[in-house]
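Presented below is the structure to which this report refers.
To keep things simple, chains are lettered A, B, C, D, E and F as they appear, and every chain counts its residues starting from 1.
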Amino acid sequence: MIRDSDDVIVKTLARLLMPFIVGFALYVLMHGHHSPGGGFQGGVILAAGFVLLCVSFGLQWTQRWMTRKTAELFSSIGVFIYGGIGVLCLILGGNYLDYGRLSRVLGVDVAEARSLGILGVEIGVALAVMAVMCTLFFMIFTAVDESGGQGGEQ
Amino acid sequence: MEVTLLLEATENAFRIIERAREHALGLLDTAVQFTAEETHYEDQKRVHALFAGAQRRKTRFQNMVGTTVIMFGFWLLLSGIFDAFHLTLGFLCSALVGVLFHDLLFSNVRVGDMRVVAGRFIAYIPWLIEQIVLANIHVASLVIRPRMPIDPKVITFKSKLETDVSFVTLANSITLTPGTITMDIKDGVYYVHALSKKVADDLNTGEMEDRVAHIFMEADHLYVQDVLDAARLYQAMRI
Amino acid sequence: MPGHAPIIVVVIPLISSFLCPLIGKLNRQWAYFWAVFSLSLSALAAMRTLWTVITAGTIHYRLGGWLPPFGIEYVVDHLNGMMLVLVTMIALMVAIYSRRSVEKEIADRTVYFYTVFLLQATGFLGIVITGDLFNLYVFLEIASLAGYALIAVGEDGAPVATFRYIVMGTIGACFYLLGVGYIYIVTGSLNMADVHKLLPSLYHSRVVLTAVAFLLSGLAVKMALFPVHVWLPDAYTRAPSSASALIAPLMTKISLYVMVRVLFSVFVPRLSFELLPIGRIMVWAGVVAILAGAVMALAQKDFKRMLCYIVVAEVGYVVGGVGLANQTAIKGAILHILNDAVMTVGLFSVAGIVVYKTGRHRLVDFKGLFAKMPFTMSAFVVGALSIIGVPPTCGFFSKWYLLQGAIIAGQWAFVVALLVSSLVSVIIFFRVIEIGFGFHGLQDEETEHEANAPMSMDEAPLSMLVPTLTIATAILLIGLYNQRIISGLIAFAVPRL
Amino acid sequence: MILPFDLILVLFVYICAVAALTTRDLLSAVMILGAYSYFMCLLWTEMAAVDVAFTEASVSAGIGTILCIGAISKTKRRSND
Amino acid sequence: MKFLSLITVLLVGVALVYGTLGMPRWGDPNSPAATHVSPYYLEHSMHDTATPNVVTSVLADYRGYDTLGETSVIFTAGMSCILLLRKRRKHKEEDHV
Amino acid sequence: MFDYIISYYNYWMYAGLMMIGFYGMMAKRNLIKKIIGMNVFQSSIIFFYISSSVKRGGVTVPIIKHVAGAHGSHGVDVMQYANPLPHVLMLTAIVVMVATLGVALAVAILIYRRYHTLEEDEIILCMRKG
């Protein structure tokens, strides 16, 4: 189990930085079209924010935002958004992942529809990556020692 | 002149008393909960105490709006694309952050007037930079000399600061200044590693602490004693 | 949407694996039905695809609507179509079969098991269907990662075997990626057909030579060719029985398929067999693999481990058969990919039933099983006969073609290896059958008092038995209709040499 | 492609790779691996691959290191080679 | 074992370097990699997808299926980790005696 | 000669890095060390791909300079930008790398739970014993 640290400096800075980290992650995610960045980077930065909260305030407190169940849920939903957009294109009569077909629904021209499709996909990717990274973190950090021995010597 | 001072002092005294009462109530609360439940939720409770302040002072909604506005400013700073689509996205994202993390940014800021705090903080930065430059020169002069007359030691002092933000500001200012590093803060006691006697002395004069206290509108130790006296006087008068 | 059948084959298991944890949240039992449902839809789509290929020729499906060298393209020809049907059918059978054994072995994590199971199937399908070198790598990684997880949940010692598999598998995948990079840097393209068109002018470049070497050695690790097979026996022995029934037949066969694809569709056979000595190397590697696999299998006391070494030997058949480089041998090799997948899945599911019933998988545990489980053991006999190569079963025909091919090519060592391995299979399986009938005089102290117990029918549950018997029937059917499979499907896949 | 800068970065990458593999304290090894990833990321920025550098910095030097630290905290910190 | 792996590593290294010698020079703007497929992306990205960042448009649109696969890889890793490390509920192993 | 070295040294660098990683993966006995070697190995391949994307002579990041609002092909000078395709491929490879890392660490933790050691030879000893 991760306990919270005693250090007031770490705690306060984590508290103050967290909204900015999330804001930056969302910026990276949404501006993937115009500047470096995109779904993966955004998702990983989001996950890093939660990891920061987790190591400074402890697992218990982080669960206000991100529990193991939420993480699982989001990882499914995120990937499903991606696959679902592809299926939507299929239903609209295009090939799989042919975002140009979304222009029929969105009411913009094909290039814009592709741009929006990319954005939607990136959001899905970001959700999935964030959730999976959190899952990996939770799973590895909360792995209990089953056979009763003391795990870790530090 | 003295009358205004006295009035100010009494006002301050009221605030202190009010705070003491709140504090006592909080303590009582904690004690009750302690006895009610068993002990092993201690960690959680400490965390809760850390965030309890803001939720009493400000409503959630104000916090959300505040966070959103700050995040939107941050977004504009980063973005550089100002068409309607991206601004809407920016607003949505900052609103999301505002809703999710409304109690992180503003928790525990003791005094409501953010404008004053921000102004003073900006005014503090040049002074800090000056200190950093001075200390840099000092440390460089120490290190350049072949004998290296350094005298490293750990000094401790009890700080009179009250909130976490001011603790952290002071700690980071100390760390930013070359020659001194904050190692730990335990219950208001700073453990600072100092490289030489001069930097330790500089720290012990307490100027930096006063300035940090001034930023966050905490008790200025120039007249804290007076205020306490006035408070005692006032209490005696009321009885 | 009949035109979209190729993508549906892959996307249905993919998306249902995303939804599987959500459905498992509602009810833990539904995950199983969900997996079976989506895999059967996928199998239908695969059959539809195969039918389209047979009637209308090769399908090209452009993902995202982009032209081939720029976007990713799915190409389904006869070989692909056959592999698609094979993979979906085996995955479906194993999914149906897995219910009871998963409940017994990993009872508390069934939902995640089926999620990873579906992802594993998706990985295999994606590898088979794609026409893009890098896309193949991505799906190879999906399949590998899912495989690591499925193996590591097995019995005691599985994580250690898995770790070895992870290290070796990563080396293999990275070598493959490196080979793709070398090809990319001299051609600038990743599409298989495009590379096929661009490469002939570059055949004397050292880069292409190195690329071939790295691609093939990477795939050799994945397919467990003899010197680098060390990860396989431990991993497949200790995996949970339904996981080993899915992975053991498919992972090596898929890698073999990729090898065939790389040699014939990315490079042209002229490069592979005339300019470079790849053919000869492959034949000798095959010979060594067959002999080593057979000898090692002979030495095993554990049924599953014995099957693993047989898999190693069978990989040698296909590699050697492709290396013989004549029409007959390649036909035999491709038919053997198909046959071997079916035979192996049959035998591993029998092993799974034995594990389900007795809790162990040593050879000794087969004692008296013919009396207890006649149907299961008849499926076992069919599989064993097929591995040995007895005529009505499918194993005979592919071995026959391989033998013919070897004689045509004049590779007598390969002929000898084939015959020796058949002989060894006879010894191995008749020993098992002997134990199963109880003729064998081994008096194990543990089993002695069991022998006194009255022998009664104790057949496996229906959900395990039906898939196993279906597979056994399939072995016979493929054997009976092998001529049609070869003339209708495999003949198109064999290049003109 | 500024040659001296490139060479210096490659040198650092090499040093970090060798150090990460030879250090006996696994925690230090993992931290050095983080530094390795970071130098890699600088190298790629210098080769105009900003997106890859960004991803490497966040994924490999960030989350990867944290995961390794987690695994080490659950297992042993010393290694025999 | 160490010796064997050293030999293998050296062999692989020799093969790698041998392969690189036939490659186009580093940074050659006329190499096949720079002239065959990638100019299309650079020229058409704005027209086709209205996205100035070519890496994003290739990642999510031209080769979007790769990215779906890659996200699935991540998803697989997450699910595998849960499958491996989830706390087991206590349940009795009934061995057939 | 010097020119020759300049134009190939990058490939050799990656080959050397790959050998380091490969050696670490095969010869080190500690499992975490093997994982570290794996990481080095995989990132050397990324190094190779990224090297192939460089074009000599002041190339920039593949983000097209454009007039805001207008889109359409307006004569992009291809030689001005780096090749984007290897970047995309390597984004995928990096993600695969971290996914493999996660699974490998999980398996290492499982092994530690069972045998209380991460040294390969000790694990093999433990397995022999029972």
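Brief remarks follow.
Here is the rule we go by: a contact is a pair of C-beta atoms (placed from the backbone, for glycine too) under 8 Å apart; a residue touches a chain by one contact, two chains touch by 3 or more.
From a predicted model like this one, the values you see are computed outputs, not experimental measurements.
Counting C-beta pairs in contact, the pair that comes out ahead of the other among E-F and C-F is E-F. In terms of the distance between Cα centroids, chain A is separated most widely from C.
Between the CA-based centres of chain A and chain B the separation comes to 32 Å, rounded to the whole angstrom. One finds 18 Å separating the Cα centroids of chain D and chain E. Averaging Cα coordinates per chain places chain C and chain E 23 Å apart.
Multi-chain contact residues of chain A (touching two or more other chains) are listed as 34-36, 38, 40, 72, 75-76, 79, 83, 86, 96-97, 99, 111, 129, 136, 139-140, 143, 145-146, 151.
Listed for chain E are residues 16, 20-21, 23, 27, 31, 33-34, 37-38, 41, 47, 50, 52-53, 55-56, 59, 61, 63-70, 72-82, 84-86, 88, each touching two or more other chains. Those residues of chain F in touch with two or more other chains are numbered 6, 10, 16, 22-23, 51-54, 56, 61-63, 71, 85-87, 89, 91-92, 95-96, 98-100, 102-103, 105-110, 112, 114. Residues 22, 25, 31, 34, 38, 41-42, 45, 48-49, 52, 85-86, 89, 92-93, 96, 99-100, 103-104, 106-108, 110-111, 114-115, 123, 127 of chain F are the ones touching chain C in the complex. Put simply, chain C touches chain F in their complex at residues 134, 138, 141, 145, 148-149, 152, 156-157, 159-160, 162-163, 166-167, 170-171, 174, 177-178, 181, 184-185, 190. Of all residues in chain A, only 32-36, 38-39, 72, 75-76, 78-79, 82-83, 86, 96-97, 99, 111-112, 114-115, 117-118, 121-122, 124-125, 128-129, 131-132, 135-136, 139-140, 143-144, 146 touch chain E in the complex they form. Interface residues of chain A facing chain B in the complex, by the touch rule stated above, are 3-4, 6-9, 11-13, 15-16, 18-20, 22-24, 26-27, 30-31, 34, 57-58, 60-61, 65.
Only residues 6, 10, 13, 16-17, 20-21, 23-24, 28-30, 32-33, 35-37, 39-40, 43, 46-47, 50-51, 53-54, 56, 59-62, 82, 86-87, 90-91, 94-95, 97-98, 101-102, 105, 108-109, 112, 117-119 of chain F touch chain D when the two sit together in their complex.
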